[in-house]
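Both of the next two complexes hold subunit A, though its partner changes from subunit B to subunit C.
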Partner chain A sequence: MKRLLLVMALLVAGVVESSAQKHIDALLNRDIGGVQSGYQCTKRIAVKRDPVSGEVVKRVMEVVINDNKGLAKQFIEAFKLDLPTSEVCEEQQRGKTYVATAVWLNPKRVYNISVTGAVVVVNMQTIYREEEN
Partner chain B sequence: MKKMILFAVMFMATVASADAQTRVEKRTVGEGTIDYMVKELTCDNLSKIVSNLPVVLRLVEGDEGHIEVSFPMQEHRYIRFGIVDGNTFILGRDGFQKSPKKSILSEDTPIYINISASNIAAITNTSDMVLYVERDCFADELSIGNAGYGFFVIGESITADKRISLFSNGTMTCEVESWNTDTLSLTNNGYLYVNGVTSASSVRQISTGIDRTTLQVDCEKVEVHTNGEGLITYRGWADDVAVYSNNKASVRTSELKVKP
Partner chain C sequence: MKSREQIAELVEKFLDGRTTNSEERELYAWFGSAEVPEEWSDLKAMFAWYEAGMPEQKLSRQAETPRSRRSMWLTIGSVAGIAASVALIITLILPDVDDYVDATHLKHQQSDIYKGSYIVEHGVRSDDLSYIEGDIEELLERADNLEQRADELLAWADI
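Showing the complex of A and B:
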């Protein structure tokens, strides 16, 4: 019975974890392009590995979008929807500028967004293992 | 002036190769036949091929440095080819002759070239070319350039240990199943179709033209810079993915995964 409860708890935790940033991730992970009136977009994804074991210790994603107000609004909405599920969050709106940081744990995920008018900068880090200094 | 010198060199090269074997063959074109003149020449250190005329080029097995050129008999006054700099095969119009009033050179009646060489480092087309890679044997660094209106590259695999670079300012279609190299570089200002699998640890694609790219990768880095249009799809494995785009081209990298 205990085992079953543990499995159930893990399952629920897994579902909660995977859906915690679903609105943001849906925007971040979608393929870009195919737009008639183009806007500049930069997307970088990289992983850092343990040099000895080769295991992934950190995953970083950065998305920069220029000149797309619609997408900027969508990102703000996605952050507002997902922030309540985060462990730590900070949100600021000053005029045309929206800045937010959210942190989820296990694994540690740090999401930063900065929107100024039609310019969006999103930075995401998933830290699987803290590195020693 | 440069052109004159180039063609003078080519003319001399042709004269120098005049002792090469020559024969005439009949080729079927449509419902008729055309006399083709066949010339053979050799180059011990062939590494570059430049063509300014419609050509079907086959890289074939055979004696090292053997080149066989077949061209329509009636064009022989206007065509010049030969070896320059000891390592470059050049094919073009004779700069001293007026162009024929009615040239029959076309993609239906092209010049046929068979080359057997194991150290080809550069192939450049400024006209219309079909390149059949039947012998996958190149230098460590290979560059294939196209400024022509039609360039087909057909083969099972292309192997150049260090780098393969494709440049297209015209229309270039590559039906190659496997690109075996360390660095694959695709640069396109025209139309570029590339598919297949690559073993490259680094893939870099730069485009202001129209792309149709589908590549299966297993690499460290994929980098795409596009201000053009079309569809660019990368699948497989990559630790580092960078896309810089104006969003007119569809760039699909969501099927790329990080190696466990």
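Showing the complex of A and C:
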């Protein structure tokens, strides 16, 4: 049975700071996945630019960590600490999988984490400019 | 039996192409006999050859005529074939070349769009966009889905 925890956080002015995601960013900026890290890790950085101006429209970072329960715990803790600073967030426990999504504005940042056992997938993106469809 | 003079006349007639079939058979028979004077030995060989149906010439004509005709048709056919092939190749390949140029241009444009992207796997960094482009596009697609979810949350929160 899925247990769903939905937390909608509406925060007052002043929450949008560069340090708003500091706990998560601190983990993401660590040299995870280094040669001597002892666990499997893949870090993907996608930069999407405006084809005409070359200006960065969106920057996405995805970190996939396998077989590291300790780091998985640290990420969950970091998300729990940073979620209250977001404009809006959603936390779910789907069986053994913990999923959280948080959104900050100016610039728009979307952070998502999915942890199943020792497998962590963190996806964070910064949208500098909304794309025209 | 004809005299040598009559045979000589017939030979003249033969060489002029005026002999009848029976006269020609007569000549073949006469020159086929053993009584041909030595000075006519060339004629004897010639009539033996004619009597045998001009084997070499016939062969060579059979071989040459069709060959020359064939080669003429082959030449015409080859030229036409080559022209048609070239036209076909141009027709078939040019759009492909255009497609290739377009695709290359598009790929180049796409690479520019993703400039700065990279992947670190097992401690190895790869920023060769031609190699990682597929992964980058998949990642952006996942990011788009998450952004959609984020927009839904913002809409619910009326932000």
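The working rule: the second predicted complex is superposed on the first by the 110 of 133 C-alpha atoms of A that agree within 3 Å, B and C clash if a C-alpha of one lies under 4 Å from a C-alpha of the other, contacts with A are read in each partner's own complex, and residues count from 1 in each chain.
The working rule: a residue touches a chain if its C-beta (ideal position, glycine included) is under 8 Å from a C-beta of that chain, and two chains touch if they have at least 3 such contacts.
Please read all numbers here as calculations on a predicted model, not as lab measurements.
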Superposed partners subunit B and subunit C on subunit A - clash or fit: clash
Subunit B versus subunit C as contact partner of A:Cys89, first or second or both or neither: second
Touched partner set for A:Gln125, first subunit B, second subunit C, both or neither: second
Touched partner set for A:Arg49, first subunit B, second subunit C, both or neither: both
First, second, both or neither for A:Val110, with subunit B first and subunit C second: second
First, second, both or neither for A:Asn29, with subunit B first and subunit C second: first
Residue contacts with subunit A in the superposition, subunit B compared against subunit C: C
Subunit B versus subunit C as contact partner of A:Tyr39, first or second or both or neither: first
Where subunit A meets both subunit C and subunit B, residue numbers: 33-35, 40-47, 49, 56
Touching residues (chain side subunit C, partner subunit A) in the complex: 109, 112-123, 135-136, 139-140, 142-143, 146-147, 149-150, 153-154, 156-157, 159
Touching residues (chain side subunit A, partner subunit C) in the complex: 8, 10, 33-35, 37, 40-49, 51, 54, 56, 58, 60, 62, 87-90, 101, 103, 105, 108, 110, 112, 123, 125, 127
Footprint of subunit B on subunit A - complex, ascending: 29-36, 38-47, 49, 56, 59
For the subunit B and subunit A complex, residues of the former touching the latter: 226, 232, 239-254, 258, 260
